Structures are given as C-alpha cells and as structure tokens.
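Think of it as A, B, C, D, E, F, G and H in the order they're written, each chain with its own count starting at 1.
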Amino acid sequence: RPAVGSAATLEPMPAQVSIIMGSDSDWRVMEAARAVLDELGVSSEVDVVSAHRTPQKMVDFARGAADRGVRVIIAGAGGAAHLPGMVASMTRLPVIGVPVPLEKLDGLDSLLSIVQMPAGIPVATVSIGGARNAGILAARMLGAFDAELGARLDAFAAELERQVGDKAQALRDRVEAGA
Amino acid sequence: RPAVGSAATLEPMPAQVSIIMGSDSDWRVMEAARAVLDELGVSSEVDVVSAHRTPQKMVDFARGAADRGVRVIIAGAGGAAHLPGMVASMTRLPVIGVPVPLEKLDGLDSLLSIVQMPAGIPVATVSIGGARNAGILAARMLGAFDAELGARLDAFAAELERQVGDKAQALRDRVEAGA
Amino acid sequence: RPAVGSAATLEPMPAQVSIIMGSDSDWRVMEAARAVLDELGVSSEVDVVSAHRTPQKMVDFARGAADRGVRVIIAGAGGAAHLPGMVASMTRLPVIGVPVPLEKLDGLDSLLSIVQMPAGIPVATVSIGGARNAGILAARMLGAFDAELGARLDAFAAELERQVGDKAQALRDRVEAGA
Amino acid sequence: RPAVGSAATLEPMPAQVSIIMGSDSDWRVMEAARAVLDELGVSSEVDVVSAHRTPQKMVDFARGAADRGVRVIIAGAGGAAHLPGMVASMTRLPVIGVPVPLEKLDGLDSLLSIVQMPAGIPVATVSIGGARNAGILAARMLGAFDAELGARLDAFAAELERQVGDKAQALRDRVEAGA
Amino acid sequence: RPAVGSAATLEPMPAQVSIIMGSDSDWRVMEAARAVLDELGVSSEVDVVSAHRTPQKMVDFARGAADRGVRVIIAGAGGAAHLPGMVASMTRLPVIGVPVPLEKLDGLDSLLSIVQMPAGIPVATVSIGGARNAGILAARMLGAFDAELGARLDAFAAELERQVGDKAQALRDRVEAGA
Amino acid sequence: RPAVGSAATLEPMPAQVSIIMGSDSDWRVMEAARAVLDELGVSSEVDVVSAHRTPQKMVDFARGAADRGVRVIIAGAGGAAHLPGMVASMTRLPVIGVPVPLEKLDGLDSLLSIVQMPAGIPVATVSIGGARNAGILAARMLGAFDAELGARLDAFAAELERQVGDKAQALRDRVEAGA
Amino acid sequence: RPAVGSAATLEPMPAQVSIIMGSDSDWRVMEAARAVLDELGVSSEVDVVSAHRTPQKMVDFARGAADRGVRVIIAGAGGAAHLPGMVASMTRLPVIGVPVPLEKLDGLDSLLSIVQMPAGIPVATVSIGGARNAGILAARMLGAFDAELGARLDAFAAELERQVGDKAQALRDRVEAGA
Amino acid sequence: RPAVGSAATLEPMPAQVSIIMGSDSDWRVMEAARAVLDELGVSSEVDVVSAHRTPQKMVDFARGAADRGVRVIIAGAGGAAHLPGMVASMTRLPVIGVPVPLEKLDGLDSLLSIVQMPAGIPVATVSIGGARNAGILAARMLGAFDAELGARLDAFAAELERQVGDKAQALRDRVEAGA
C-alpha cells in the first residue's frame, strides 16, 4: 500500500494523488476516496487544509503540490466550500472537488460553492458526498497515461457489471420465490 | 469627497472602508456601495481583487488592511463567490459580503457561497445585489463609535421615512384622481 | 464575566452587544453567540423579543438600544423571520441576523426572510444557525475600534489555526496507522 | 365608487378593505386588488406603509385599522417582506399577504417571508403577484356575512365560467379552421 | 364545546368553520386547527374529503357548504395538494389552505400546489403545517363581524404576549444563574 | 387529417387522444402535442377545460371520456396546476400531464403540482412545456396495441437519428472550415 | 399470479409490464409497482438493469422489449437517474419513470433527471418514490385496450373511495368521542 | 492549429480531447471549450452525439474513444442531461460534463442530471455553461503529464492575473476621475 505523508511538511513524496479536506470531520466522507485509490493501486496522501482557518497552509500546499510530484488533487469541503476553488487558483494541476453535505441544505450550498467557478479556474466537481467517485476520477485521469492502471480500470468496470449481474439474479430469485 | 486610492499599492490610506470586488464587471453592482458612503460622508477606497485570478494580491490585501487603517471591508463577488470569505479568513476586520447575481441562478449560488461560512470566520452578508445596503451597514458599524456619523444615519433614516411619506401621498392622489 | 441584564427593563447597561431572539426555543441555537463573546471578553445581554408576539417590546427595545450604550445587536429568528429586519429599521446600530432553522425547509425561509432586506435597511446576515459566527462578527466590529480586543481576535484566529494543525496531524497519524 | 382615503391620517373611513404596500413601486402589482374590489362593489382605501422605512406609521396603521371600521387588510411587499406579518401582529383583523416579485428569485423570497409565519399570527397568503386574488379573497370574507355581495360573487364565478366557455369555443373553431 | 358533525351527510349544521383534509393521516397536522377554534369558542366540523379519491364527495361538500351555514372552510392536503383550490372553485366562501408536509420535499410541493392559484380563485394559504394558524385566521375572519369573538382574539394576543414575557424572564434568569 | 371536435359537447367522437388545457393561453405550449399527433397520424380533439373556472365541465369531461372512445388524455396546466390530477381522479384512462410554465418560477410550481400525486391516482408527467413529448407518449401508448402506428414510431425515431446525423456533419464542416 | 422471469435472458415472456431498476437497493421502493400490478391481475417481470454499470444489458433489454411482447416498461432510478430516459431512447414502448429518492436532496435530482427529457423521447414520470402509481399507470395504459382490466380499474377506484369513506367516518367518530 | 475530425467515423485521430454535445444548438455554449484548447495548443475534435436520439452512435463513440487515442472527453448536454454520464459508463477515460442551460430552470436540471452520478462512474462537472472551464480542465489533466503544456498553463494563469491587474487599474482611474 502507498505510504501516507503530510502535505504540510512540503517534503517531496511519491503520492500521485493528494486528498485534502477542510475539517477532520470531513474524513467520514472523504475516506472513500483513499479507499478506492488503494483498491486501484494508486498512491495517495491525506491532510486537513482549511481555506478559512489555515489560509497560509493552503497557499503553501497549493503552490507546492505540482513540484512535489502530485498529479491530481482531491479537495472536500462543506457549506461555503472554498477549498477546492482556492487551491485550483494556485496550482495548474487538475483539482477534483467533493461537496461535503452539512447538517442543513443537504449539500446544495457545498455543491454550488464548488461547481460555479468563474471562467479561468475550473474545479472538477463530483456528486454530493461523492468521495469514492472522486478517487475513481483521479484514477481515470492517471490511467489515460498509464496502460496498466487503464487495464485495472477496465477490470474495475467489469467487476461492477458482474456484481450488478449477481444482484439482479438474487433479486429475481427472491421475487420468484417470495413475492 | 474622500480620496480614491489603490489597495494594491499597500500604501497607508485615510479610507475607512475598503470596497473590493472579484471582477471589474461587478462595478455595475458595487458602485452603489461607494455612492451611499459618499452620501454619508464616509471615506472609501475601491479595487478589483480576484480570489481566483489574483490570489496573491488578495492575500496581501487582506493581511494589510487593518494596518493601513481600514476599519470595514466590503467584498462583492458572484457564482462560487469566495472573495468575502477568503478575505475574512485573513483579517480581523469585519467583512461585508455582497452576493453579485450572475446570468444564471439569480444570485442564489453567490448568496450561499458567501453566507454559509464555517464557525470561526463570519461574513456579514447582505441581499443579492445589495451593495447600497453594504455601504449603509459599514456606516452603521462606524457610526456606533462616531456620534456625528450616528447623527447623519439618523437623518438618513428620517429622510427615507419622509420620502415614503411623499410617495404615499402621491399614490393616494393618483388613485383618488384616476382610479 | 459580563453582567446579564434585561433589555426589556430599558435600564442603562454596560453590555456592548445585545443578543435577542424571537422565541426562547431559539436559545439552543443562540447561546453560542453569548459563549463566544464570553470567550472574547465582550459583554453581552440576552433577551427574548418577538416581532410578532411582543411588537411593542420590540419597538421599545430597538429605539432604546443605542441610548443604552449597546453598540451591536444580534437577532436570531426562524421561518418568516422578521425580528432582525424590524429591529434594524428602528435603530442606527448594526444588526446581525441569525437565521434559525425550523423543522422544515432547513432554514432557507429564515435565511431569505433575513437577508433580502430592501435598500436602506441592512441586516448583516450570517449562516443558517451561525450564532457563534454572529458573536465573532460583533467582536470584529468592536475590535476595529479596540486594540486590545483586536489582539484577542488575532490570538483567536491563531488558536483556530493551531487546532486545525493538531487535528490534521491526528488524522494523518490515524490514516498512517490504520487505514 | 368607494372613496379613496389615507390610512395614514387615521380618520374614520367607510372603506371595508385597506390595501397597503411597502413601496409605491408595488402599485403596478397591487392595483389589481383595488380594481377587482371596485368590480365587486367593495369599498377600499390605498396607502404606502413601509415596515422598514416608516415603522411608526405601520404601527399606527395596524393598531387603528379595526377601530376605523376596516374589516380586512391586504398588504403587499417584496423580498424580505415583513409588512403583512408585522401588521398581522398588531391587529386582530384578517391580513391577506401578496408576495410581490422583485427582480431576482421570482418572488420565492417574498412568498416564504410572508407565508411562513409562526404559530399565533397568521397571514392569508395568495400567489406570487396575486393581488387580484387578494381582492377576491377579501370579498369572499365579507361576502360570508353579506348576502348581496355573496350573490355578486356567485355571478362573478358564473361569468368566469362563461368566459372560459367562449374562449374554449374560439380555440376549437381556430383549431378546426386552421390546424 | 361545539358539536361535531359529518359534512358528508350534508345536513344543516351549526358549525361556522368546516375543517377538511385529504387523508385521515393529515389529522396529526390538522387537529391543531380544531383545537385553537375550541380555545376561541368557535364551532367547527371535521371531515376527510379527498379531491382525488372521493371527487364526488368533494363536489357535494363544496357546493353545499355555504347553504349549510358554514362561513369559512379550512382544507389541508399534501403533495400535489388540490383539495383547497378545488373546493375554492366550487364555493364562494373563503377557503384557507394548509400545506401538509409529506415525507419528501418538506412541504414545498404542498405549498406551491396550494398557493399558486390562478386569477379568479384565491386560497388563503398559511405556513407549511400551519393548521393552528389556519384556525386563528378563520377566527379573525369571523371576529371582524363578531365583537365578542374580536374581544377574545384581543385577549388571545395579550396572552401570547404575556407568555413570551414570562419565557423571556425565565431565560434571563437562567442565563444570569448558569451561563 | 383527423377531425376536430368539442369534448364539451360530449358527442361520441373518433378521436383517440383528447388534448385539454386550463386556459386558452396555454395553446401556445399545447399545440405542439396536436402537431406531433398529426405527424404520427393519430386523431385528436382539443378543448379548454379549467379545473378552477369550469369545474362542472371538467367533471363531465373526465367521466365521459372513456365512453366516448378516447384512449389517452393529455392535460396541460400552469401554476397550482390541478387539471391533470383532477381529471385522472375521475377517469380510468391514462392521463398525461404537461406542466405549463407561467411568468414566475419557471414552471417548477406547475411540475410539482402535477407530478406529486398521491398513491392511487397517477399522472404521467412530461417535462416543463413538453407538449410535443406528451403527444409522442400518447402515440407510444397506442402504438403498443397498433402495429402500424408502432412502425410509424420506429420510422419517427430513425428520422430523429438521421436529422442529428446531418446536423453533426454540418457542425463538423463548420468547425473544420471556420474555426 | 404471473410468472417471474429475467428480462436479461431475452427469452419471450408473457409479462405485459417490465419493471426494471438501476440497483437492487431500489427494490424497497419499486416492489410497490409489482404489488399493485398483482392486485390488478397484470403480469409483470422484474430485473436490475443499470444504465451506468451494465450499459450493454440496458441496450439489449431496451431493444428487445417490444419484440418479447412487453407493452409497458417501468424504470426506477435515483440521483443522476438516466435509466428511464435511456431505455426510452431505444424502444418505442411507453416508459414510466419512477424517481427514487436518495439520501440527499429528497429525490429532486432524480425527478429532474427523469422528467426533463428533450423533445422526441418522452418518459411518463410519476411522483418521487411513486412506484405504486407507476404500476397503476401501466394498468391504465393496458386497460384502455382491455375491457376486463378497465372494469377492474373502475372497481379499484370505487374501493379507494369506499376506504376513504370508512376512514372519514372513523375520524369523525374519534373527534366526536375524544376531542 | 489541430485538425478537426469526426468522431463518428471512428478513424484513428491525433486529437487529445474529444468535445461532444447532445445537440448542435449546444454549440453556442460548447465552442468556448474548443477555443480555449486552441489557445492552449491542445488538439481537439468536435461532434454531435445525442444520448437519446443517436444512442448507437453514442455507444460506438464511448467504446472507441480510448483506442483512438483520445485522452479526455468533454460532453455538454442540457435538461435531463444523460450524455456525460452515459459516455462515462462506457469508457475508462475521464469525462468532463458541461451543464448546458435550457430556457427554463437556469440549468439546475442539467447540473443535477450530470453531477449526481452513482458510485463507480464519475463525471467531472464544471459550472452551468462553463465550457471554457471544461477546456482548461482538460488541459490541466494533460498538463500533469506534459511539461510544456504545464508551462503554458502557468503562463495562462499569469496572463489572467495581469489582465485583472489592468482592469483594476482602469477601474481605480475611472473612480478617481469620475466618481
């Protein structure tokens, strides 16, 4: 499994994907990104970087990411979620934004705060709470330049299809038997 | 009338209120803030500071504002509007956020991106496109410590009341005459 | 700690910030405003003032606040939340509005009822349920004229940053160890 | 036709319905209320009463309406629309609220600010911009105690039905001829 | 206490207010309307009338209500809530609509389905789940023609004000003591 | 081309699809339903039937439709759009609802009023303003029992595909030439 | 009771209605469609077909449905719910879409993703979670060509009416006794 | 400048980015993606591929893209926008979705239909109408593996910053001169 390191220390790292979030309470959502990257054999690092509470750390992180060898950044945040967009404004790397739903508004505020970026600074936004998809999206970006990873992604999709097939059969059996 | 200066030059200035916006196209909305501050005799400065396109200027502006003698910051932005919140994270001054409506969504994205700040970093949000109210709110903050300005605010409110009285009379006359 | 007094008695008080709410059931949300003001050493008073059920008390409160020495008013209300705006119409003090979420609509009605004020009468609106931020915002307004409070606000921000740093380290350790 | 008078002068008046609005610019919407009351032979008065800009006038109006002989109040307002609810809190008369749509949000803010009143103080809310329906609703309230007006309302409904019948025939003819 | 009778039997009844709802499951919300009418000494009847499942009963109910002596109808319904509007189209009585919230959408669908009536057929809409206010609104309509009921409504408002006063004192005591 | 007849006259008719709408002003939207049914060779009738202004006509129409030989009903309405659901409650035929957008709210109120029907009474809802799709959907229902119409629907889909192919070629040419 | 079969095997089947869903977790919602079709004596088949995870199975299913003798397709899906629309694009049969609500947004995303189809490809959308209504709607489509089923639908509606009558009586009794 | 080719012909092409859209009317929005890719020196191809009207072409396109050498797909669509998600389900390449706003709902339906993808199949969603950002995002993905493009992206950001600087100066001059 890939090593875990602190983005904040700014040391060069082997991680290809950097997963950051605005608060450690976002980990309950964001851990799915790391989990799927592990499944797909993609190295990642994890850190808490708050746009509002640690602005300097955010600036340092964003400016240094490309030079440290990171290729994709995944950033999760909730409410007035500024982290993904602010990081995107200070790096040339692709930034994937995960709208973390808070207690109220079902994540609609998080979604709009992340996706509605002005021309010039894009954020690749995934679904509300969609950290697992953020990880897969990062892998797809890398897989476009990595034949082995591409093959793993194809196998991943085939496995998804197989699982749905099994579940479909199980449901049909259940309906046949009991309904 | 108060002098106009560039916040970007970071020179000490006499302006009590700093009015910034994410794009010069926001001026059509934001000029109402400066206009009402002029009416109320409060000095202001104006600048374009983009959270996403000029992040370093934003950092420098936010960190230097209090030391330059600014007492209130008004920040307008649209869409994924990060400027007010990001500035608020790097100053101890009160920051007033003006949600600028863009072509789509009627400013609802701007509003949520500005108002839904996490605990610790508040933004004093006014109505969608409410730059005039942002100016008055800044004056109220200053007026709580400035008896003369307080008196001007009282006169301002009395004048509002008088104007409504005149318009009410005009409408009653019109209805009486023509309806 | 600052004394607690009743705004309704209209006696002169030393409180700099007045915290009012439309119903005593709003206290579960609003107490965070008083708590953070206590942390920051800012005196406050607390009262229930209902725009709809005690309109005369509201009028008396709003008209008398500035003369009693209050410098900032924090008003929380839910649903068709008229208290912040109505108080703002009868004082020249800055009024901070806290949208209290009710059982339905997640506070969106409260937010729009508070923030969408007409030109002339601003309310400084914070996030849905954001009473803690309302307290900090009041302190920022006062801190712009009070160097000691300003320094406490700087320390407060530094402490926030330190806490996020600790949490980030804890998360990285946890991920390193167990994930 | 019924006389027009100023509610603000607080003189006793023969009007059964009082039509007020927060701004004279709301008249473009609100005049439909007076028009339909004229059609139905119900006396009305018209005035501009702003909750935020003329709070004292609003208090005087609301407290005096029942004693002046008014039986129903129609109040139109937009944005953070507090007029209907505030008036309802200071009278025992039924208050009909008309959400006036502003430039942004299509009147959704006006609607929620008017309809979501707390328990104890109802506002009879009609559709966004629905001033004509507000007038008809007032007439229905009066007609429940006035047999002649009741008959006029029955005739009014029959006329509506007849008009739809004519339009239906015209459309069928047009489709038959041209389609 | 006022007698309870079935609207469906179409017998003349002494009830001044008729409370109907689209489903017996709406009673959990609608019983508050009857309770407050009882408090205010206003007679009411209760029935289940479904626009969609018992359309003929609805037609008979709406057409017969005025002749049976009913003066105000309160109708609660949820989702695509057609009952209030359909009843309003077949009576000249004022109809108060209560948007009943269903499991999804927090009653927003119910609210829009009830309040957005076309010109000609008004429904007096109260807040989502606001059955208590519907009852008070009905009493206000009747009280405009009934001095005794008007006095009870004044006492009701005074009692509300007194209760808020007590709660305010209790909160101030609690804050003084423990906070 | 199929004959046009009035549903209101209740005479037996050869039309397989009945197109009704709440107001003749809805024809601008609804004529697309008739047009595509003409294209597909399906007979239709057209009428204005208002749930609120002509409730009796609506009852007669809904109850008589199946016996007159109609097999599918298309009903368009806007705002608090009750026509499709009310008709569905008084016929066993499938009813297709078209949400007609009004001046405000972009048809969201129309959509929710039509689609959110309670269990027992379905309405087949199409997109906001989607009258053309309502016509095609009616044809699909009929085509499931009519091989010739089924073949016309297949040809219709093939033609759609061909048109997109042509447009794609034109765009590619344009981009090649001019971009 | 009708046989259960797998749509995926593409064998000719006697089922008139095919019920598919994007995930086996949707069965908790979708089983109501099968249940009501059983009640109405309409044969149905059940399968899991995911637009996104089993795209080839979806294509095969959609293209083969009409030839296998299916007359109506019911498709349920949640979130970015593409299954109903995609199936509709590859069959000439009527497709009924059921918006399945997910954990966030109360099914509003599912609803808009299903109902807002472009011109040419309609989906007959029912309410959020409205699988029971989807089943009834399918039966209505079939009943327009099947007199026996039509009669069962009439009986079904009569039974609904009777049940509401019983519940109304029970509520009136309860109110009479206890309220 | 990069060659333009037809994705539909399935010939191997040198284009790194494939820009597709559901309708040629989307080109008014989508051409900004190609324009910025041209500015950044990234080759692209353009085609119309409709999920609903040309489903087979969509399947062929999605399945063949990676083998043809495409590295990123940009897909724009409006309303029930299924194209980006469906293509993402049949390729392992990263797919960027552009919500195209239609006449109603301001693109909110397009946004939710694209962004709310189920776990397993991500779409990198940009802002409503944000085709220019889609192009930049594609370039960022490629730039993570292409030092020269990375440098061009850095220059692009610097140019954005410079432009804002110029506009800020122009605004300050204008305010100084005329305000």
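Convention: a contact is a pair of C-beta atoms (placed from the backbone, for glycine too) under 8 Å apart; a residue touches a chain by one contact, two chains touch by 3 or more.
The model shown is predicted, which means the values in this text are computed figures rather than measured ones.
Student: What's the overlap between the neighbours of chain A and those of chain E?
Tutor: Touching chain A as well as chain E, we find C, G.
Student: Looking only at residue numbers at the chain B/chain D interface, is the share used by both copies over half or under half? Answer same or different.
Tutor: different
Student: Just give me the whole-number Å value for how far the CA centre of chain F lies from that of chain G.
Tutor: 20
Student: Taking each chain's centre as the mean position of its Cα atoms, how many Å separate chain D from chain G?
Tutor: 43
Student: Using mean CA coordinates as chain centres, what's the chain F-chain H distance in Å?
Tutor: So the centroids are 35 Å from each other.
Student: Please set out, as single numbers or ranges, the residues of chain B touching at least two other chains.
Tutor: Residues 23, 50, 53, 79-80, 105-106, 108, 115-118, 120-121, 123, 127-128, 157, 160 of chain B each touch two or more of the other chains.
Student: Determine which chains touch and list them pairwise.
Tutor: Pairwise, the chains that meet the contact rule are A-B, A-C, A-G, A-H, B-C, B-D, B-H, C-D, C-E, D-E, D-F, E-F, E-G, F-G, F-H, G-H.
Student: For the complex, which residues does chain A have touching chain B?
Tutor: Listed in rising order, the residues are 22-23, 50-53, 55, 59, 78-80, 82, 85-86, 88-90, 102, 105, 108-109, 112-118, 120-121, 123.
Student: Under the touch definition given earlier, write down the residues of chain E that touch chain D in their complex.
Tutor: The contact residues of chain E facing chain D are 66, 71-72, 92-94, 96, 111, 115-117, 119-128, 130, 132-134, 136-137, 140-141, 143-145, 150, 153-154, 157, 160.
Student: For chain G, which residues are in contact with chain E within the complex?
Tutor: On the chain G side, the touching residues are 101, 106-108, 127-129, 157, 160-161, 163-165, 167-172, 175-176, 179.
Student: Within the complex, which stretch of chain F touches chain D?
Tutor: Of all residues in chain F, those touching chain D are 1, 4-6, 8, 23-24, 27, 31, 34, 38, 46-50, 53-54, 56-57, 79-80, 103-106.
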